[in-house]
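Right, I'll just put the structure down here and ask away after.
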Amino acid sequence: MVVSLILTGILAGCSSDGPGPSETGDLPQASEDGRLNPATLKIMFPGDPPAGWDEVKAEMENRLAGTLNVKLNVVFIPWTDVLQKRQVSLSSAEDYDLIWDNNPVQNIAAGLYEPLDELIEKYGADIKANRSAELMEANKVNGKLYAVPLEVNFIRPWTFVIRKDIREQLGVEPIKSYDELIEFMYLVKEKVPEVTPFIPNGTEHIGLRLANMLDPSANIAAVLNYPGLYTKGNDGKVYNIFDNMDPMIMKNFEQYRKLYQDGILAKDALTLKNAEFAKGKAAVSTFFDFGVNLNTRTALEKSVPGASAEAFSLYDPNMKLSSTYKAGNFIAVPVVSKNKERAVQFLNWLNQKDNYDLLAYGIKGKNWEDAGEGLYRPIKDNPYAGVPFAWGWNPKLDRIDASLPEDDIALNKWQRDPGNFTTDILTGFTFNPSPVANEVAQLSNAGAEFYNPIVMGLVEPNEGLAKFKEKAYDNVKKVQEEYQKQLDEYLAGKNK
Amino acid sequence: MGILQELRKNKWLYAMSIPVIVYVFIFSYLPMSAHILAFKQFMPAKGLWGSEWAGLDNLTFFFTGPDWLGVTLNTIYLNLLFIVSGTVCSLCIALLLNEIHHSFIKKVTQSLVILPHFISIIVVNLMVVNFFNGQDGMINRLLKEFGFQMISWFQTPEVWPWLLTIIFVWKGAGWGSIIYLATLTGFSEEYYESAKIDGAKRWQQIWYITLPLLRPTIIVLTLLSLGRIFYGDFGLIYGIIGDNSLLFDSTDVIDTYTYRSLRSTNMNSYSNAAAVALFQSVMGLITILFFNWVVRRVDNDSKLF
Amino acid sequence: MKMAQRDTSQLAVSAAAYLCIGSFALICFIPFWLMYIGSFTAESQIVKGFRMFPTEFTFDSYRFLFQGSQVYYSSFVSIFITAAGTVAAVLMTSMFSYVAAHPKVKYRYVLSFYIYFTMLFPPGLVGYYLLISNWLNLRDSLLALLLPLLFSAFNAFLMTSYFRTLPFELNEAATVDGAHEMYIFFRIIWPISMPVIATIALFYALSYWNDWFNALMFIDDPHNHPLQMMLRRIVSNSENLDYLNANINIPVSATGVQLSTVVITIGPIIFLYPFLQRYFIKGMTIGAIKG
């Protein structure tokens, strides 16, 4: 039963109101006198409504009343359930007008999202103005834009977060290099035994992530979430760790093994959940932002009074890196929506400066204040942690938290400018896993069983890899070949 | 006797069963049509009936993998552990509670033993980590204090079937005893009176009178659980083991395996999941038909159908 | 001599019973006690681990919880669906089980199989979601919480197995007297079946009380969220205390609020059990009713 609960599928076809062709169903936009008819947009977002949401929503509707005449029915679905709920709702043709999606490829292939090119042409001047051509182009599927890309960053950095208070308490200078960081971890083990020196934030291919963290210009990246596959050096090739083990990756595996044996890395890392750092249980963790984000900071201070955090990364704004310009979040209009035009008009409205500020930072003067061009400062007693990433995110209007250290602000500014990056060879390519679906399913299982323990240092890397290879080599190989084949075809088509 | 005649003769009795018959038809049989998903290459936009037929392809990922036999055996093994220990413990608790005559103590203990049933699995998981965690878990601290070697619990797969069983019993045995206790209290004193006159000791009364009287209940409950023996207890196992792959050897069951295989692909996973569920159901059906047949020969009154 | 012997065996069994049950009850109680204490403890203390006795006692998390409006909405929903659902479910199930156990009913095993089959082949969320959401159109309605749990095959089998042990000769006599089947059921069978009816009522009540899944699937409006859904919302994201609509000026610990929510979601339902225990009465001999 559980399997059906979790993966839950849904049949739309046997219901009479299944997803129909997109021509049908749009309500008339305007009444006789030319004013827009009132409409209510039903919108699905991940997570929980931020503190102060009701007030922000009221203000939004207030502003909308005179212009678009839109009311908002925003449904927040907690992170733990949102993927399941989204699939169920989409497939049973529930009447959503806008839906957040982090990986829309499958849903696009399934024909659930409306192509937006024409509507954006007509109503979406601001949507386009805030997004560079790279961002818009790279996120099309088969030449059409099915979902508005929401992204401010053009690379996916991983950084270390460090307990600043512990570092200062131990009299350690600010961390400048990876070696110093390791030294710090050992010192923590010795001097502050009640805190685990290092709990990485999830196992997600940290071996590769780390390789890239240590040497960002090597451009090593995992291939989707397929364990054992990676790309590097922007050469249009897919590698697997069995046939072409990158020395950098191997070095990291061995290092983690040592950290584990020395009691630096959490013993039960596979069982621990992500939030350990915010609970004050770890001295060092990893994160995917430049700088420590507002949520982690507040949570940490709450759990351990007097604690503070700082970030350390090996990225440098002078690096010349490539970007695929792939967005991490999207907002789409389901084909069953009866308010498609209004939905896009509303999206456009969100992409106007004042409205964006409201949606992202809350009421000006109450929740936040302007801190100069592209910056904002949350007001300490009343910060509003909006969810712009789910409905409006764009590099032009988004502001950086001015309370971050200068270095972090600089890094953030750097990663937001598409001009700072060269175009990655993978840009615009979308892998279709259906020809190797069985292999992918088996591989992801083998990965959880054999690869994650290697990554976390729980097993001797050479032995672990041998075991992983025995179980998964065929599948790794097949997925690799299929991926390479599709990529080659794509690249050949692009060069024509 | 013909069907119509039978229906007419007992029309009031059948009428009493109509609400459930209608309800079950609407809420169980109608949506059951979704099982057809198992044989389809499901595309939501085309709908259930419009999607293409896939035959048994949806099971390929499961049966061509190296692990299907292992996880199937784990599923059965864990379920057997759960069923046997759960039944024995629930029975013992019910019998023992029945021996407590002080009415206040009885009420209090009865209420206490069902408490764990109300604690959600998220909270149980937190407690398990607190107890068994390798560095500063309570158990290890105790071991250390008494001079024993500390054990890395989360890296020792052999102990987990038993730990899971203990957690299962702790969580459910008290609750399970309610059924037996309710049945027990329905028994007539007369049976015991005559035994007492014959000089039967108290445990002899339990063994020769109470247990035989409870037999139908025990058989029905066991049969009901046997039908689900191919379904792993996902909530409990995933809630506690999660993605700790070092323990998979002994704790990975069909449900967790399928969940992990499919969650990262999201390719046609509805159909795959439905196919595996169908496999579990069919195996369950075979199991239950067999045991129901056995029961019918041994104790016809206790058969399920 | 005989009497003395009986007494010692009785005594030995009793002693064993008190000892075993006592220790098991303790094991069951301790974790609950830890949570209960935790709900009165300040966050800075909780992080250091659970303790048996509070070091700093505070009502803040409860004050926070009850200052919000969500807890009242949710309590109402939970109590309403539990009460209404349990009554309806027990009626339906007991009538059906009686029929499925009645020796006069020729097709009683067919009925049993009809029910059992649904246990083997659960509909899966797929069809289930369509049914509730699209065909019956119950989205955001309390009926979406009530209807899905109205019948449990498991409970029906428990009852059936109990009813099968009843001596049906006694209603044989009643039928001859011209008593209506319904009358027999409610006037004769029902009273002597109180233990099993109380048990089943408890089971249904708990399944209603503990349900969050239907709320997750079908209820978007927080005003219609039951308590368990509220708990899930604030446990899944400890930063989401805003969901409770409380005055945010009390500085409270997320863990404390979670624990106090656990306590109030468990509270009412554990009192139901001692209440129903009165129906677990001994010695209701069938002979007495016959007479």
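By letter and in written order, the chains are A, B and C; residue numbering begins at 1 in each of them.
Criterion: a contact is a pair of C-beta atoms (placed from the backbone, for glycine too) under 8 Å apart; a residue touches a chain by one contact, two chains touch by 3 or more.
This structure is a prediction, so every number in the text was calculated from the model and none was measured.
The minimal number of chain-to-chain contact steps leading from chain A to chain B is 1. Chains B-C form the pair joined by the most contacting C-beta pairs.
Inter-chain spacing, taken between the CA centroids of chain A and chain C, is 41 Å.
Mean C-alpha position of chain B lies 17 Å from that of chain C. Looking at chain C, residues 122, 124, 126-127, 130, 135 sit in touch with two or more other chains. Shown for chain B are the residues in touch with two or more other chains, namely 33-34, 37, 270, 274, 277. Multi-chain contact residues of chain A (touching two or more other chains) are listed as 1, 4, 8-11, 14-15. Chain A meets chain C in the complex at residues 1, 4-5, 8-11, 14-15, 17, 47-53, 75, 78-81, 85, 88, 92-94, 279-280, 295, 298-299, 302-305.
For chain C in complex with chain A, the touching residues are 43-44, 47, 122, 124-127, 129-130, 133-135, 139, 213, 216-217, 220, 232-233, 236-243, 248, 253-254. Within the complex, the chain C residues that touch chain B are 2, 5-6, 9-10, 12-14, 16-18, 20-22, 24-29, 31-32, 35, 49-50, 92-93, 95-96, 98-100, 102, 104-107, 109-116, 118-124, 126-128, 130-131, 135, 147-148, 150-151, 153-154, 156-158, 160-162, 164-165, 180-182, 185, 192-193, 195-196, 198-199, 202, 206, 210, 231, 235, 262, 266, 269-270, 273-274, 277, 280-287. Taken together, the chain B residues at the contact with chain C in this complex read 1, 3, 6, 10, 12-14, 16-17, 19-21, 23-24, 26-35, 37, 92-93, 96-97, 99-101, 105, 107-120, 122-123, 127, 130, 170, 174, 178-179, 181-183, 185-186, 188-190, 196, 199, 201-203, 206, 216-217, 220-221, 224, 227-228, 270, 274, 277, 281, 284-285, 288, 301-305. Interface of chain A with chain B (complex): residues 1-4, 6-15, 18-19, 87, 90-91, 103, 106, 110-112, 196, 203, 225, 266-268, 270-272, 335, 433-434, 437-438, 440-442, 444-445, 448-450, 452-453, 458, 471.
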